[in-house]
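For reference, chains read A, B and C in written order, and residue numbers begin at 1 within each chain.
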Amino acid sequence: MALAAIGLPLVVTNAFALDICIRVFQFAFIGVAWNLLGGYAQQLSLGHAAYFGLGAYTSTLLLIRAGVSPWIGMIAGGIVAALASLPIGALCFRLSGPYFAIATIGTAQTLMLLFLKFRDFAWGAVGTTIPNLGNSPLMMQFASKATYYYLALGLLAVGLAITYWVGRSWLGYYLVAVGEDQRAAEAVGVNVPRIKRDIYLVSAFLTGLAGTFYVQYIYFIDPNTAFSFNVSVEAALVSIVGGIGTLWGPVLGSALLEPASALLQSWLGGGAHAGVQLALYSVTLIVVILWRPTGLLGAVTEAYVWIVRSTRPPASGAGRAIRKGAPLDG
Amino acid sequence: MADALVVRGLSKRFGGLRAVHDLSFSVGEGQTVALIGPNGAGKTTSFNLITGYYRPDAGSALAYGHELVGLYPYDVCARGLARTFQVARPFGRMTVLANVVTGALLRDKRVGAAQERARRAIEFVGLSAKEASLSRDLSTIDQRRLEVARALATEPRLLLLDEAMAGLNHTEIDQAVGLVRQLARRGLTIVIVEHVMRAIMALAQHIIVLDHGQKIAEGDPKQIASNPEVIRAYLGTGGYAHG
Amino acid sequence: MTTVVAQAVVNGLLIGGIYALVSVGVTLIFGVVKIVNFAQGEFVMIGMYISYWLATLIRLDPVVSLVVSMPALFVAGLLLQKFLLRRVLGLGDMPQIFLTFALSLLLMNAALLLFTANYRTIQTAYTFSALRLGPLYLSVPRVIAFALAMLLGAALEVFLRATDLGKAMRAAAQNREVAMLMGVNPDRVFGVAVGLALALAGAAGSLLMPFYPAYPTVGQQFVLFAFVAVVLGTLGNVRGALIAGLMMGLAESLGVQFVGADSGLIVVFALLLVTLAVRPGGLYGGETR
């Protein structure tokens, strides 16, 4: 499958199709970033757009005001986003569950309002375009869509690799423990606040990278898109639909939702599209929640499956049967 | 005998309620001590105070000479105190093995090594056959065993067991008592909160009795059994469960 | 200067009545059913549209239309609990959050598609009337809204304290297992709780119509204020939510007066963040964090 993904642009040259693929990779990547915090550690953030926007604005500001290459800007954006997650986390983690989610919504909204007001600093509500430099690889602008495709794929691969490594390491166990029962985790020595803080850093950093890619691909940024609630929703949505707390969940979710959304956009066009899209997203979400709350990859989260698979197979065949045939609904 | 745990003047109020008041006791290294008392006496609250879940209003708790008050539960655990909960709290999404590995990772972050140690703890409590089962699918008793295994995996020097015997039948109590005895033989210092008399009598070298948050008696099992204060405290609330 | 402040205070308290009503609804559902209803604001919106169409089609005064919007939303609440909320009880945070969240999105966008994004207003005989209290102006529709909101709040309090069903609700809120052991039917109690909460939301909507426009996303700001109020007023505490709701109105009004026009939201969030920073975390007194 990986080979197919790599080889695709050589075969498919249709710009629309490539665009859809890029969108799929983009949102899969954002979903993967969200999933580390929201899927494994079960800290359900609905404000990840904050980091998306911070990443996007950081690299754009560096590019336009200082001529810095977006490659550097991307890393800088990620760092800015990660740093922002520290005070945001410090405050929001004091709340649990739904109230944490609300607080995160609030932070993204606040940032949007701030950037809407800062006309001198960051172009305010009108936003800005980035200068079209033609084919300029050093400045992250490419003539061929295929290059963007590979860039998006590369980012996704990085996200997946990080998730894979985390899942197999001690951090994976600790994250799931935090997600399951914070008090019980503390009783066995898990420094819960630090774990939450650290994974938030990583999640925010990756989301910031996604923001930069977005600006470089779309050539435009404004507060309403950068800190858009839709971005926050989609980050969570692709993970939930595809399989929360799993490695491939966000990819699966994105592969299902993004093409549908793109087709909807081209079919309905313009204003009506936004409403219908969100309405359909919400119906999808409701259906998934009622039918398979842990997403399409099943109730047996892959985090758990790896943890089991990474052990030597148990001596008894019964043990293996229990693992493979584990009930799908908890 | 050196002291594993020294509690001095521990006090905690919740609003108007005095949950624990001026509690002091010592636990020698290697001893098995029981904390008993009628419901609401403050036993679990004492555990929570010692292990960092609540901050006491006053008093101190020294473990191996180090002050525990002010530490968070994960630091308390790192110092060698492990505890179980009255109602077992497994990490439901994880298998039995993964649960215990999470505990084992405290001392050594290498997953492979942690799995080895986890397996040993699982074997000790008798859950090896169910190593790959989802912890939320286990029976209550097995979840309790898991709880103990997970606590043991953190390699504690002092183990606090909160009503581990509640609801067990005779055979199970005997098994559990045997397990605790084995741990004691290995040198573990153990403090149990218990209602089950049989277990208390079989295990405790020293008993501390709480009522309404205060210590009302302290001594060896024989002394406690014949202590009029203790009898009065229990009679007032309907007595204790015979194991 | 003091007149300006006093006027801001008055305006803030008056609108605070509506915030209080919405907050109480959220608290009721959270306290009894233990679910945070992200869609509460959308039910306010539905109440507004109901009153709007009744006023436009049959010239029914919005305040009078309470008798339509409240029962309608009560029934909606029963259905919501029966078909959706009940299915996610005990499943954990994630399904519960995203279910009501998705519902909120669905209702907003359905309204968008059905009614378009246009602002809908109505004018009653008293829309622009105001009472004078010394140097202060009290806008009549707002006074009516405030008075009725407080009345409904008081009625709810009475219900919770004096009636069997109300007491059953409080029991279920405090300890579900024990309540069930004592014969409380959780489904019925939960249904009524959600029904009442949504009825209050509908009432808020109807009361708003004389002086507030209806549009698909109007519920969002109310629910945001409500959530902050619920957190401030201690989760699950009805009286606390009421008072905090009034405070929210006050804070917003003073913020608009002294900080700037769009600052309502920022002031409220600043309040939330400051409270979070200062409050010793944890929901249970005595925990170390």
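Keep in mind that, in the parts below, contacts are C-beta pairs under 8 Å (C-beta built on N, C-alpha and C of every residue); 3 or more make two chains touch, one makes a residue touch a chain.
Everything numeric in this text was worked out from a predicted model, so none of it was measured.
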Original post:
Which chains lie in contact with each of chain B and chain C?
Top reply: A
Original post:
Taking mean CA positions as centres, which chain lies farthest from chain B?
Top reply: C
Original post:
Chain with the smallest distance from its CA centroid to the overall CA centroid?
Top reply: A
Original post:
Using CA atom averages as chain centres, what separation in Å is found between chain B and chain C?
Top reply: 45
**OP:** Quick one: report the Å distance separating chain A from chain B, using the average Cα coordinate of each chain.
**Re:** 42
Subject >> Gap in Å, rounded to a whole number, between the CA centres of chain C and chain A >> reply: 32
Subject >> Residues of chain C whose C-beta touches two or more other chains >> reply: 289
Original post:
Counting only residues that touch at least 2 other chains, which ones in chain B make the list?
Top reply: 52-53, 72
**OP:** Sort out for me which residues of chain A touch chain C in the complex.
**Re:** 42, 44, 46, 91-92, 94-99, 101-103, 105-106, 109-110, 113, 117, 193, 233, 236, 240, 244, 272, 274-276, 278-279, 281-283, 285-286, 289-290, 293
Subject >> chain B to chain A touching residues, read off their complex >> reply: 51-53, 72-75, 77-78, 82-83, 85, 89-95, 97-98, 101-103, 105-106, 109-111, 114-115, 129-134, 136-137, 150-151, 153-154
Original post:
Hey, which residues of chain C end up touching chain A in the complex?
Top reply: 36, 38, 84, 87-88, 91-99, 101-106, 108-110, 112-113, 224, 227, 231, 235, 262, 265-266, 269, 272-273, 276-277, 279, 281, 283, 289
Subject >> Complex interface listing, chain A residues touching chain B >> reply: 168-170, 173-174, 176-177, 179-181, 183-192, 245, 300-301, 303-304, 307-308, 310-311, 314, 316, 318-320, 322-323, 326-327, 330
